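Have a look at this one.
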Amino acid sequence: MDQLSATLLSAPVLFFLLGGLAALARSDLAIPETLAKGMSLYLMAAIGLKGGVEVAKAGIGTDLIAAMAAGLLLSACLPFLVAPILRSFGKLDRVNSGAVAAHYGSVSVVTFVTANQIYGGSGFIVAGFMVAVLAMMETPAILSGLIIAKRQSGNVFDKDLLREVLFNGSVVLLLGSFCIGMIIGEQGFEPISPLFKAGFTGVLCLFLLDMGLIAVRRITQTRSLTMRLALLGVLFPIANGALGVLAGTLVGLDAPSVAVLGVLAASASYIAVPAAMRLSLPQADTGLYLAMSLGVTFPFNIVVGIPLYRWLAETAGGVL
Amino acid sequence: MNPANQRERLEVLVDAPLAHRVAELAERAGITGHTLIRTESGRGRNGSWSEDLLSGATAKYIFLTVANRDRATRFLELLEPLLESHGLVVLHSTVEVIRPERF
Amino acid sequence: MDQLSATLLSAPVLFFLLGGLAALARSDLAIPETLAKGMSLYLMAAIGLKGGVEVAKAGIGTDLIAAMAAGLLLSACLPFLVAPILRSFGKLDRVNSGAVAAHYGSVSVVTFVTANQIYGGSGFIVAGFMVAVLAMMETPAILSGLIIAKRQSGNVFDKDLLREVLFNGSVVLLLGSFCIGMIIGEQGFEPISPLFKAGFTGVLCLFLLDMGLIAVRRITQTRSLTMRLALLGVLFPIANGALGVLAGTLVGLDAPSVAVLGVLAASASYIAVPAAMRLSLPQADTGLYLAMSLGVTFPFNIVVGIPLYRWLAETAGGVL
Amino acid sequence: MNPANQRERLEVLVDAPLAHRVAELAERAGITGHTLIRTESGRGRNGSWSEDLLSGATAKYIFLTVANRDRATRFLELLEPLLESHGLVVLHSTVEVIRPERF
Amino acid sequence: MNPANQRERLEVLVDAPLAHRVAELAERAGITGHTLIRTESGRGRNGSWSEDLLSGATAKYIFLTVANRDRATRFLELLEPLLESHGLVVLHSTVEVIRPERF
Amino acid sequence: MDQLSATLLSAPVLFFLLGGLAALARSDLAIPETLAKGMSLYLMAAIGLKGGVEVAKAGIGTDLIAAMAAGLLLSACLPFLVAPILRSFGKLDRVNSGAVAAHYGSVSVVTFVTANQIYGGSGFIVAGFMVAVLAMMETPAILSGLIIAKRQSGNVFDKDLLREVLFNGSVVLLLGSFCIGMIIGEQGFEPISPLFKAGFTGVLCLFLLDMGLIAVRRITQTRSLTMRLALLGVLFPIANGALGVLAGTLVGLDAPSVAVLGVLAASASYIAVPAAMRLSLPQADTGLYLAMSLGVTFPFNIVVGIPLYRWLAETAGGVL
């Protein structure tokens, strides 16, 4: 597969592998938390701006509406597909299966960004509006996960949580930057493009270096990641990614957007959802859901998933 | 030590996203002041954690408050239901304070 | 007013508004303190270098001397104009009125930077030496504020304070970078211009995002900001800005420099002065002066003041 | 506990820009060591604060020092005048130390 | 205070690169939990230090652990040889805990 | 000496001097630790990538092998030359002399980077593979220092230390980025070059500003830096630099690489070695070795050493 080696030999993925190897060798290499947080904010602002500027150029079409509807549906429904498998095959209790399921319904910003970068590098250009889809898919899964976890006890939602869901920092930043991008357009973007465009891939490299370190440490530090759950951490993205590709194809998106909808469906959150779960389901095992999302699914998607969903999208485009 | 100056010192180890809930309970118990202390990492029965700004899910703070016996007792009662579900560690001792009427 | 909409639709101001809206919605969006500090240091180094390089090109003229004299006078005198109003209308005690007055005599680096950016974007180019004026205006107001606060008690100054006033971090960085810019000139600046020039507007956007968050949180968290004081937080910049424009016009600066002297006079410090007040007037109410300076005056200047002082400067230039 | 190993533990909550003044007073009282502990945020009668590197005006530290009774008493006397003006919170308790001759 | 709820509170000031060794000793003494607290700077007989991420050589943490008397005593015995060579400061007091069986 | 003034008037060195002056004036200017750490990681990744890309272009020759051998030898042997002088003339005990000697055998990344920058700016281009030599020289000196310190007591090494030596964070990052640079080559480097190449000199300026502050504060805060030891902090780099130049000339490197081998031999570690010493020789005086390495030797090398070792290399090249 030519795609796979192109992915594996790109600078961002190589830095990710470097981080993973360093953590495996138990090196003391570490990137301060504050800087990782800063890079994550930067990536969200940059991707939001970029998407907004592109939409300002291309205009809003029916594609956007179709993609948003498909994304919302995926985010809200995937937890309900995933949770029963977590309970039966994964042997988790109700609370933990709800918490983990919420992660798989939601999305990973960096997986999205890396996919955009790798696809775009080989001329497979993703539409700008997919950033809005990314933002919309962040939080519906939180509500689904809580409904699963709390089916019996009455009060699923409190006001803290509602704020978390509606005004979650990453959603606000993504959508806000997207709107700013739409307002300023290409001309207004020019003075800020050296920071937000030229610097982008480099920052992504450093961020993925850190993610490599974090992913491996998550797995080695946790006590509750069983072989069964690790297996699900690989199977879920494949199944969800296929569903995402299917949904995207059915609503009539172009191949790159279909592939990215697959990436979004396949990816698991590690920013918005863990914090919300800590707040609303403090009994759930933090180590477990971070290990599955960051330690298993994230690396799988970065290394194998991104070329895979592209291949699925191109195949589905030919068949359907 | 002068017993008139003695107050209760409560330290609660709490997850960062839950700290403001503990502060609300303290306020409901009539406690007017508290200080959050930064931690780096730790280990307990549920494995080890360290500060993690990325997911924001694994940082913890030490919630420190000094109060008179009545308020401290009320605060501990309010905390009771959270102890198990939120995995709190609560330490209780006495300190001597200056200007005890403040606490 | 065309100016106003040009200001409001520029990327830095839009990010500022985004931050403000996010804080109003009580979103958990937050930029780590350390990064805000880093961006603030970066902006000071960049603006200092840029000013120095320009002065190296243009040479030092009598303009610089005139502007410095006007700036020093404004910084030292404005607190004495402002303090009586804070006591009578604002109902503050002596200590708090001295502390707040010091903030209004001093200046805000980011208001200056944003004004430069917005003016420059529409061809209204500010002279490079105004950076030196900015640096000179940071600290005289501290002394004036302390004289007001401590009029009765003997010892106004101690050695900690004197060091704070003379070698305040932001003054050292601004003047130091300014001198480095003068030494290296345009040629020596070239290798560092990708970081300090190309990246500048983008960093300003992220910094203003944070300032929007901070400004709103300052207002909602404080307990001591009365309606009267909030009103003064809007009236002071208008009055001081007009005085700044008047002073600049009288000493014969060109219109963009006059406008920026207005911006400097109108702006209130949130870096050098608060730390100095905490040291020298610990009894003063920190929440109050930060709420007035960051929560009221800063947003007013960014959104309304910057076009207003330009309009005043252009009008005064025609009249006088 | 062995009373010969008991020393006074003083914790002073102090604004970051004033911490070195408290350290000077401790030194003047003959106390040779201290540790500054990081805080995140807090609330008191004067409203709430949180670390703020931008203005540098609202961060606080906990100044922790262990000393024998004489030095501790002298230190508290020296602190007295700052308590009100600087809004300090002072906590006082006893701890057992190892190698007590150091404190 | 209810003596059945009393446990030993041990605080060890330790250099950041050595913190995990102290944690290993605690574990060897049968102590299951600890929390590392962040410090900013300090001064002792060997001069002053402040956090220094660059060389990573001068940051310190406060290693806080609560344990029953037996485990605490064993831990202190295991620490003994490191006290001088590693420049540790150890503070020992008692606290009341909730759910004492955990410690 | 024209070289000297060219060095002194370059932006990075001017920022270093600014930091030093600010610290001397006891200004409160400070760069948060986290950001310094981030800049240090950035510089290592960037220099590693740049070296790797150059080697990908030029190919691996016998030069690389020769330079690596010379570097390893210097790092392992210099501590044994330096330690006896620290004991006799410097009056240190065995443990402290071992700890300090390890620093002088190892290397300073930023001295290397600054030398590259200054040499390259005047067309004296250093070969890309010297980054690999830099990485190789970081840790052998740690083992030598420990052998010196612990000659009597049996167990010199434990497993923590071995990991520290083999998988030290800075070594992993330097060598890892070097390999990534070799894999991606010039073409793959293009998308990340705005961050890692264009931004490089600017970040170096800010980092050296911080190093200036740190260097002076190290000297003023320590209690154990005697005049004798300070003198050694100047003599060691001269002697070691000369040995480095000699070794490089003997193994037949070109003049710029010889000069940089001199810089490496002359420089003293302030990242890898201090942390290792804290771990393995906790009884040694941290304040002392950091004061010598950061407070004395680092400034000497930046200001005087870099032009000196170039002059030595050019002279030696003519003579031998």
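Going in written order, the chains are labelled A, B, C, D, E and F, and every chain counts its residues from 1.
Here is the rule we use: contacts are C-beta pairs under 8 Å (C-beta built on N, C-alpha and C of every residue); 3 or more make two chains touch, one makes a residue touch a chain.
Just so it is clear, the model here is predicted, and its values are computed rather than measured.
By the document's definition of touch, common neighbours of chain D and chain E comprise B. Where touching is counted per the definition, the chains common to chain A and chain E are B, F. Taking the CA centroid of chain E as reference, the farthest chain centroid is that of C. With chains reduced to the mean position of their C-alpha atoms, the one farthest from chain B is F. We define each chain's centre as the mean of its Cα atoms; on that basis chain B and chain F are separated by 46 Å. Between chain A and chain F, the centres computed from C-alpha atoms are 40 Å apart.
If each chain is reduced to the centroid of its CA atoms, chain B and chain D end up 19 Å from each other.
Chain geometry summary: the mean Cα position of chain E and that of chain F are 35 Å apart. Residue positions of chain E touching 2 or more other chains, listed in rising order: 37-38, 53, 93.
Along chain C, residues 32, 34-35, 37, 194, 198-199, 275 each make contact with two or more other chains. Interface note: chains touch in the pairs A-B, A-C, A-F, B-D, B-E, C-D, C-F, D-E, E-F. Across the interface of their complex, chain A is touched by residues 9-11, 14-15, 18, 21-22, 25-32, 34-35, 121, 194, 198-199, 201-203, 205-206, 209 of chain C. Within the complex, the chain B residues that touch chain D are 1, 9, 23, 32-38, 61, 66, 93-99, 102.
Interface residues of chain A, counted against chain B in their complex, comprise 33-34, 36-37, 40, 160, 214, 221-224, 270-271, 274-275, 277-279, 282-283, 285-287, 290, 294.
On chain B, the positions that touch chain E within their shared complex are 13, 37-45, 60, 62, 76, 83, 89-93. Looking at the complex, you find that chain E touches chain F at residues 15, 17-18, 21, 46-49, 51-58, 84-87.
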